[in-house]
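You will see two complexes here that share subunit A, one where it goes with subunit B and one where it goes with subunit C.
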Partner chain A sequence: MIWVDTIVQGILLGGLYALFAAGLSLVFGIMRLVNLAHGDLIVLAAFLILTVVNLLGLNPFVAALIAAPVMFAVGWLLQSYVLNRVLGDDILPPLLVTFGLSVVIQNGLLESFSADSQKLSAGPIEAASLPLGPITVGVMPLLTLISAVVVIFALNQLFYRTKLGQAFRATSDDAVTAGLMGIRPRNVFAIATGIAMVVATIAALYLGIRANFDPSIGPARLIYAFEAVIIGGLGSLWGTLAGGILIGVAQALGAAVNPEWQILAGHIAFVIVLLIRPRGLFPRAND
Partner chain B sequence: MMTNSSKSTLSRGITALVFLALVFVPVIGSRAMVQDLFMVLTLLVLALNWNMLAGFAGLVSVGQQAFVGIGAYAMFGGVILWGWDPLPAILLGGVAAMFLSLPIAFFTFRLNGAYFAIGTWVSAEIVRLSVAQWKALGGGTGTSLPKGTTKDMFGVPQIKDLLGVSSSAAADALTYWLALGLAVVTLLAGYVFLRSRMGLGLQAIRDNVEAARSVGVDPLRLKALVFVLSAFGTGLCGALLFIQITRVSPDAAFSVVDWTAFVIFITVIGGIGTLPGPVVGVLVFYILQRVLADYGTVYLIVLGLIGIVIMLFARKGLWGMFTEKTGIELLPLRHKSLQRSER
Partner chain C sequence: MTDAVLSIRNLTAFYGDFQALFGVDLTLQRGQALAIIGANGAGKSTLMRAITGILSSPAEAIQLNGRPIGALSAPEVLEAGISMVPEGRRLFPSLTVEENILIGAHSRTGNGYWTLEAIYDLFPILKECRHNPGTALSGGQQQMVAIGRALMSNPDVLLCDEISLGLAPVIIRDIYASFPRIRESGASVIVVEQDIGQALKVADHVCCMMEGRITLSGAPGELSRDAIHDAYFGVSA
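== the complex of A and B ==
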């Protein structure tokens, strides 16, 4: 029974990682941009929610509704004025620019909010739990997983059922031809990054409620998100969810054997999957 | 009006003078200066190696801290567990890093482009977490070199007598000279390698993989060679660094910020894909660090912003701008064509 419990906890943890990874996966799938600052942008969103909570005395869930459009604007501006300039065949410039951005955001937050641990307080729901057959699950972890599924379902609907999604897919397949059809790739990219930042805000909400955060934790979260995206396969959002859950389960199993092995087990699962399938579990695109 | 080639000769003369001055720093300079320059030189070695990977072989690694860390730990293992003198233990560090690079290359070379960067990062994390399980060297908290190890190091008594300084100052001088030697050898080895047939192949790959393949260049073999060699250099440097630091812990030895982030900025600011770039970058880095020392992490923000601006507007960095403006080339990589052209 302990094993069932461990695996369920792992799946729930995977929901959080999938949420971290969903925005990354979207941007990666559409413009092949590896955003090394994604983790720090999530932390930035968490501090933004915290600021709104402190200023207006709102519940974090409501505060996130205010933070989300702000983050959309941040993503839109970032893509329009910085990242669009470095997209191209050479992968070095975008990697280095987002790397620089990561350092700037991290230390900017450190200067303005200090290195103290912060937490978003959501009230009694934090400690609530549900009996689920023989095991008990926390309401917050369950809510996180459900949110991850909803976010990924919504992104998929957007991708395959709307005009905007059509533009996304067209630009992803061939930006030049899409341009000939009257789509402006730079505009499409800016909107995509804006949406990714809205998803990052949702991730930040759960990050902040479920654990302490400080300006320096971005990269540590980012590495799990990247693992989820890469294991899942480029451009597949459901693959990202599967990847997140795989990492979560591996970590939970590792921790059950020896608490020191939690993180290590996740990384090793990542390596094993890629040794067997270098392009991930469900690759959509051909690169 | 000087021609470009006479300007280049002049600047080569200046370079030689600077090198001579650097050799004599432990004789005439203060101990603090020796220690500062030691850190600058070791960062330079790391940057030269990373530049070789990312700038010339197209391998953007974010996991070089794996090799710094394993170099440091192998050196500590040699000294503490097997009673070696620290100097041969430095070599052990380099060799250990080289061996570690083989499985890492086996895994990461299957991933292309950006996946490769993440793969190296995860690999470094795996090594860090595994080393933290090595209880004989202190596990997660780390350990220190036994007291007096560096004072009894091979060569230290002679330097002590020669310069008439304390044992610790003599040890500083020795590690400093080793760092200087390593930096010069790395720079020259990089130059010789890039001018060689293999180096030419490497640059051909960078410019156009298909074309390079069609004339018989094997990209995988060449890139793997660069990866393994730069792991060796990075491991040596890691071992040397931690002789000076004298205390090792997984978090310090495998720090992504200290051994990879700084190194990336140094290379990018100086000029990625140019040989003198890292030298320029490390000077800028050092000056920034000193000038902004009183403002906490502000220098990191400034460093990040400069890196971004350089990538957006001047991809070949400060050295690239300098070469373009003045026509001066140190360590030129271009081969003169057989037919003399008018200049």
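== the complex of A and C ==
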């Protein structure tokens, strides 16, 4: 039974990794931009929620509702005034710019909040659990996974059921021809990055409640997010959820064998998937 | 009295340092079908790219209904009233046939002649495969989608860039059979063609381009075979 419990805990952890990765997947899927600052932007959102909590004395869930539109604006401005200027056929400029942005965010947070670890306190719900047959699951991890599924579902609905989603897909396919249809690719990219930052805020909420965070942890979140996106297949949102869960389960199984193997097991799972299916588990047909 | 919907005066265009158009003058009358013919590299597609805002031009060089549009971006040119069926069709692989058609109306605000049902009426075959990916269709059907997509913005001017390229003659005939109705809708049409015979059949007026310049202009009935040959190839027949 301990293995069932381990796998269930891994699936729940995978929900958090999927949340880390969903924004990255969205941005990559639409504009083929690899945002190396994504992990740091999640940490930035966590500090923003923390600031709202400290200033207004709100519950982190309520504070996240305030932080989300602010992060949307951050994403929109970032894309409009920085990233759109470097997007093009050459992938190197956006990589360098987002790498620089990562450094700037880390140092800015360090100056503003110091290197001390912080945590978001959600109250008794953090310790609450639910009996699920023979095993028990924490309410917060369950809520994290449910949120990940809801976020992925909502993004899919946005992609395939709305006019904006049509514009996302058309721009992703061929930005020049999309322009001939009256679509402004730079606006579409800015909206996409704004939405990615809202998803990053949701990820930050669960990250901050689950564990301590400090200005330096962004790059490690970026690696988990990357692995989830690549395992799932670049640009596939449901694939990203599957990728996150696979890493979570691998880490949980690794930790069950030996706690020191937790992180390594996730990376090994990533490498194995790459060896067997280099384009990921669910690659988009037209990529 | 003339009623020019699109007026181009002394248009130049560059790819970096390379000049591709040299002082092109062209007038499209309202309701007219104008064919631009020319060999590969004559500058026909460059002219289309300049008109649609993909290539930037001097603001006053291109006027639509008297309004300078040369400096507008591609989305702004579409909103002004010009849409294009691009060479190679350029359908969006991620979108179904119906989505590909609907996205042509992305920036449309009001009603107009062309609706989804009107497009299906023009090309009934598309309704049967409306849920298929756009790029899963035959070349001719893809061209119908591309034309439908361009019409969805209810343009004043429809540009068709090499729509017969790579298609069987019977398919080309079917596609050009839709043109009378397109013109009835009020759209003026510019057709870029390498197929001289096809261009002479559909157009009220023909311009021939060579090396970035208009080398011949006139009504199809007024142009002799030799004159077209000279203007097209740059050598006497």
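Here is the rule we go by: the second predicted complex is superposed on the first by the 284 of 287 C-alpha atoms of A that agree within 3 Å, B and C clash if a C-alpha of one lies under 4 Å from a C-alpha of the other, contacts with A are read in each partner's own complex, and residues count from 1 in each chain.
The working rule: contacts are C-beta pairs under 8 Å (C-beta built on N, C-alpha and C of every residue); 3 or more make two chains touch, one makes a residue touch a chain.
Nothing here was measured: the structure is a model prediction, and the numbers come from that model.
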Which of subunit B and subunit C A:174 touches, first, second, both or neither: second
First, second, both or neither for A:227, with subunit B first and subunit C second: first
Superposed model, subunit A: greater residue contact from subunit B or subunit C: B
First, second, both or neither for A:166, with subunit B first and subunit C second: second
First (subunit B), second (subunit C), both or neither touched by A:127: neither
Which superposed partner A:276 touches (first subunit B, second subunit C, both, neither): neither
Subunit A - residues contacting subunit B, complex: 32, 34, 36, 82, 85-86, 91-93, 95-97, 99-104, 106-108, 110-111, 219, 223, 226-227, 230, 260, 263-264, 267-268, 270-271, 274-275, 278, 287
Sites on subunit C touched by subunit A in the complex: 52-54, 73-75, 78-79, 83-84, 86, 90, 92-95, 99, 102-104, 106-108, 135, 149, 153
Subunit A residues within the subunit C interface of the complex: 163, 166-167, 169-170, 172-174, 176-184, 284-286
Subunit A-facing residues of subunit B, complex: 54, 58, 60, 62, 107, 110-115, 117-119, 121-123, 125-126, 129-130, 132-133, 140, 256, 261, 264-265, 268, 272, 296-298, 300-301, 303-305, 307-308, 311-312, 315
